[in-house]
């Protein structure tokens, strides 16, 4: 089995990345962008959401494995993931969802993406930033009275286009080894 | 609670009557009834061969994965001799779960509660402070190991059963093996797993997924009609995929074979009877294979299988009771057709819950780059976020909810679309083959085998 | 699991003994026992008439709402002829839920799984690729429709039952209809729903709410004593509302009638016997009516009903098994008294869960502005955030929890406050009328009818 | 049935409202106000909470319906709502809760209102702002070990009084069509 | 559902056979089976004495706490005479929970539903609007009180039982009382609770915790081996604590006695037989005691108990069915050894859930500062965040999950480590005493008593 | 029973403490600190976390009791708490967790600490600040598909060390009277 895809995400001996301070104009613009993004998804405005994805996007949701503490670096697995997409695939997914027969989400779920703990760092590339943020997703379908809840961290890279940002990379570290939903027909 | 020999439910219903053979109906209550579920754990999941994974997941001595046989956790581990063992993950001492992680490598599975230790094959090693013999003397050490399941490795796939004296795995597959071999055994290297399986929970009875895996081709036309809207040109495409040959057996296994000539323009003339195997292979080798592998494949398959593979290869189907398999042809810009395969198991987690486990495979020896392409193609369509299967997993819960209703559970599932065509002409394969438009026969066979197993006192 | 003809529970208890007629007690276990719950689904919810909504919710051809009869989902739809039909929301093919949205409009209910299609009346239309006859030939098309319930529209209220040959709706209401007509049928236009019902989940057995709906007047004094603290002047007000006439029947229906002369200063002399109906109507028309509507109301009611309406109109009560109704008089600054009405159903969702469904009504023809005022008044007091009913919905779960306890379930609910007064003087109405301080008789009748139904093998 | 009350909230062709930027002094003051409000409610300081309500308040919690994607604009229903109140009604509710016999909340629930994704916009009216914010409400009563969780968006209008703000309008879009709690005896 | 007199489960298994006396095994299904759980509520929790708290929690007249006996809520209240009463927290009227808060003070427990009122001793006081006699006349007022349990206060500990005519509390403790007295009754003041107990929920069958409380010393060596890694020097320390004397009885009670000379350097010579009680007491008084208290303790204990206390005092153990007790010695920088005690109960909350309740005690009269020190030491090790017990509470759920598996539930828990040493030399105490390395005997006794109770029809 | 430890936390007649305004540089630095802290715990970086604890730390998690509204001031109980620790005890706990045999957390839970509603106040002591913040903790162990969720308020005091802060005091007010987890082997 391909195991090279596993890696140690928790311990980075590299020099600490430079932070974009909370309260800086750049940070604030990014915060607005993230709140707007959540609203787009929660309000099913898929076209707008696709517009914020970069053409060179990589969008992944690795699996989580239950591993002993000694093997903790193997607890995120990037071989067979829940999502592993490029821009075209995400656009196709969104097109489908907006169509007439994406029954997995028709009727649509009622979702809410609460975004917190946003930290921004410079990357090696001018105008690109790493945005770490926590997400609590709630999802309710039909007459369900116990909402599905999923938490995780989104490890993003975004690109400053001057008047707006675009999402270049997103990796979502979810907090379940067996996902508690019947599908991920919704985007994280 | 029923006794182990019951042939009726406690409300007086004969179990065999749940499947109405005269009208080809199944009472919907089978999707929600707790008593039936408990019986299934004994009579189906306690008796048949169950898929647990693939040898390539645990390549080295001491490697293990934690898996499930029905509602029981098991350890699947490789010993120093390279053999694979399946042991009940329940400590022989006081029932603690011995293995606590999804995978890993160890020669000693040590229970964290009181420290009893077991080998990868389940054998008891000992308990702490040996001189105190904390395991006592009433039970010999040879009986203090983890309970062992019977194991069979088929083309690298790890199957196990609690039915130590029951049918062999080959008997279990029966005539259908002829077709499965075409998928699983055609190359010397065989398939390899691309990573740990996706896992997610669906609030549905396992049989809602299970009966569908027995080659329900028809639902694609409606539930997955987006395929047509997005990729097709007005509805004709999907309808054409409804045609093919479904093969099934008395053991509930099923496969759908699809004509290459109808599916691929370049294979237009494959059915003409005028092209040699070589000619056809060079135009369109089996998925995952390259043209130069013809000899290798010929070594593994009979001429009849070879002919079948080059005309109507099996593409999708299931293995009773809870396995779905799907072969994926992925045409590439460079003209090659990459092939991957997905296998699912639907683990029962209660009368109204199932865990969906999804492995993705590539032929061993595929380049790393091609593997990645195939993997991405596959999870785009199947599994957690798969555009096809996300619709299925939102459907099964509704069926299960219907079956919970007091009136709903009295309704039936119907399998009355009966294939009446003569068997396909010049058909080379064994088992029952149904030609033409997809009908309900293979699914009905699935239920008939379920009925047979459920009617046998444990 | 019990057989369909059981008259004892599986622990040997006679079902009839759960309600102890000699001491007017009911064993608390009825609020938690899973076996009793399952029986109720057959013998109560499978047998009686159930309220599903109001015709004004689906005014146009093709309009539908998705509702529940006991633990079964149903489609309530209007056909082209204007008739309302109730069909089990379970696909005749494989049990998928056919209708997936709370409401909408369609002439074709198409199942998303394999595409079987049904009319608003439940009739089977067909399945995709008609020439393939995927619905087979074993069952005639006429039997492939959704299962139909028997429907009765009463004053716009949609009732349905699975008991196709049982009592008519009028027999079901029995003598009590005389009183219900006064509320539901007094005007030509009748009531209209102001919007989709509120829905929320309460962790309680449905009977905790159901038995209270049979006119438990007494609890208001304690559980709702904030009414007094906030609006009253020291406790006397609430106590005075304890007096009135409770009417009930052998079928468990119940209503509380309250004297207008005691409730409204302006109606002080209504009981004097000296005022004509006209005089009184001009001073205080029925809630939701305007003075000019007297002739219309007189056309719909008998003189006796008219007299009752102008002295002791029914105000609050229930319809067996799971309906509560509450009439609300809302005095306005301009001297008018607006009247609205709320109806609840308590949908069983398991032995310890109920869904509270709350519709709000106004008399048809009420001005938009008045409707809004009435609506806001109503949800201020009733339903999700209603100041009165939020206390009730926090109470029923505790009763249910008590009934889960091994000792608790052996306790009883007592209905020993027995009305001993002579029937009210000059009472014009039929059924059983209990005068004076609110007692337990109507609630006891409710349980006696529950006992009767539960003792009849299905 | 009255259907005029339904409307399409997700798609507004109107020109985009002007945003009060994240990090601006006004935004920051509003943020403080919202955190303080949550604390008032979670600590049962009803008098203080009432003091922040404008006398011309409109407070509503519409229903959510499960509708097909094609009818998504009908998924918020503003006819029969869960709450539809003016200032006087809210004050009366709070008075009751603080009294001796509001048994629905005596003993009181333990609640927590996590407020995130706050976006502020100018309105047509000077000194009034639209505040969109996400709320995750947790609620625990008695010995319950599974907390009730309700998510939603609050669509508010607030008025700047100079030294403080007051709440003029609140509409809470909850994410369940069947509310998973036995009542809304608490305020959202 | 079983009848109250069943001695077999509904699948035909004899209840007594669940515990296999010949091989000292217990079928794992006892940790998950719903039918067994229901029987336990009657035959174990409905029959034995249950710990509910301590008198110091409700020192004043009217003080009450709300607690649980099995799956029933009860009110534990002190009346004006100072007596403590235990009443079922289920209103005699309609089953509402009467007491709604964890603790408080009142002379009148008034039900919020209809206002029936009860005294701290459970007696019925009356219902609102006395002249209307809303409690009726069918049942005398003397029978309208809350159901009363039989209460016994032992050293301040509040025990109660529903078994009104069963064994006395002293009979229940039996010979083991000799040891418990040494812990609970040695001082005049006795223990006092330091605050409300910690409470948290564990997804495990109560017996997973219960059987461990019967002095499972062995698991510490593995599950708690961090103790050694952090405080020990290479493994020898923990192993040494495996030695001692376990005492147990036919009633399933158990205690582990540990040698002071082995545990404390300063007590090195305590076993030499040459030191007087006074000498030893001055060097190492009982935990929680100061040197000057010797006379007081001597007044409460016999010379034999005194000797035992100064050599091998009981330290940890349980009281059947669901109590664990742990004595904690906390050596202080100033040379004193503070002693605290923790008591747990494991409240059954369903076949696979238990509520862990943890009280912390100090000897009355301990200084506030010392109390705080002891309290912090205790919760550092035990309870919610306790470094020792957090491992236990993560273990029991796994055992319970194993027992849910269809194959898993057929496995057994084994108690085959049998003590074969002669009884300890010069042992002063009664009951069964097992010397040497910790074995399974006391736990086995626990199961044998469980078997005895479960086999008796209620 | 010792009852002196109970107190009324909801109503303080004291003069209102002075606020550190949202958006001020100090507030922003604190926000960064809190987001970083959450990441440390969620990523099991216990050594780093211990480094942010002051040597004079007091760390407590009181119990919550269900009490009538009239006794609401008794609903937080500070006698027998879930945690009552000093620096040394917390360090020992962290050492254990990082070791080889803390089976309560080996394999480790997947946790997420969403931090919101952060309010900062001056204290009487120069350079020390009171930080009130809401926490939503999610926790998933093994194959659990329903995440354990715990909400609460952390009432902290932190000390400014110039280049970083340290935690001097933390009291976590959790929102359950019966904790819905089998242990608090994780830190709040």
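Letters A, B, C, D, E and F name the chains as they come in the text, with residue numbers starting at 1 for each one.
Operating definition for what follows: contacts are C-beta pairs under 8 Å (C-beta built on N, C-alpha and C of every residue); 3 or more make two chains touch, one makes a residue touch a chain.
Since the structure is predicted, the reported quantities are computational estimates derived from the model, not experimental observations.
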item	value
Touching chain B and also chain F, the following chains	A, E
Whole-Å gap between the CA centroids of chain B and chain E	49
Rounded Å distance, chain A centre to chain D centre (Cα mean)	27
Two or more partner chains touched - positions in chain C	100-101, 112, 199, 201, 223, 355, 395
Per-residue multi-chain contacts in chain A, two or more chains	23, 66-68, 100, 102-103, 105, 107, 114, 116, 136, 141-143, 145, 149, 177-180
Interchain contacts, given as pairs of chains that touch	A-B, A-C, A-D, A-F, B-C, B-E, B-F, C-D, C-E, D-E, D-F, E-F
Chain F - residues contacting chain B, complex	103, 107, 142-143, 145
In the complex with chain B, residue positions of chain A that touch it	1-2, 5, 61, 63, 65-68, 71, 77, 79-85, 89, 92-93, 95-96, 99-105, 141, 177-185
Contacting residues of chain D [partner chain F, same complex]	23, 25, 27-29, 31-32, 35-36, 38-39, 42-45, 100, 102, 105-108, 110-116, 136, 138, 140-147, 149
Chain D contact footprint on chain F (complex, rising order)	10-11, 19, 21-23, 64, 66-70, 72, 75, 114, 116-119, 132, 134, 136, 149-153, 175-180
Interfacial residue positions of chain B with respect to chain F in the complex	100-101, 112, 199, 201, 355
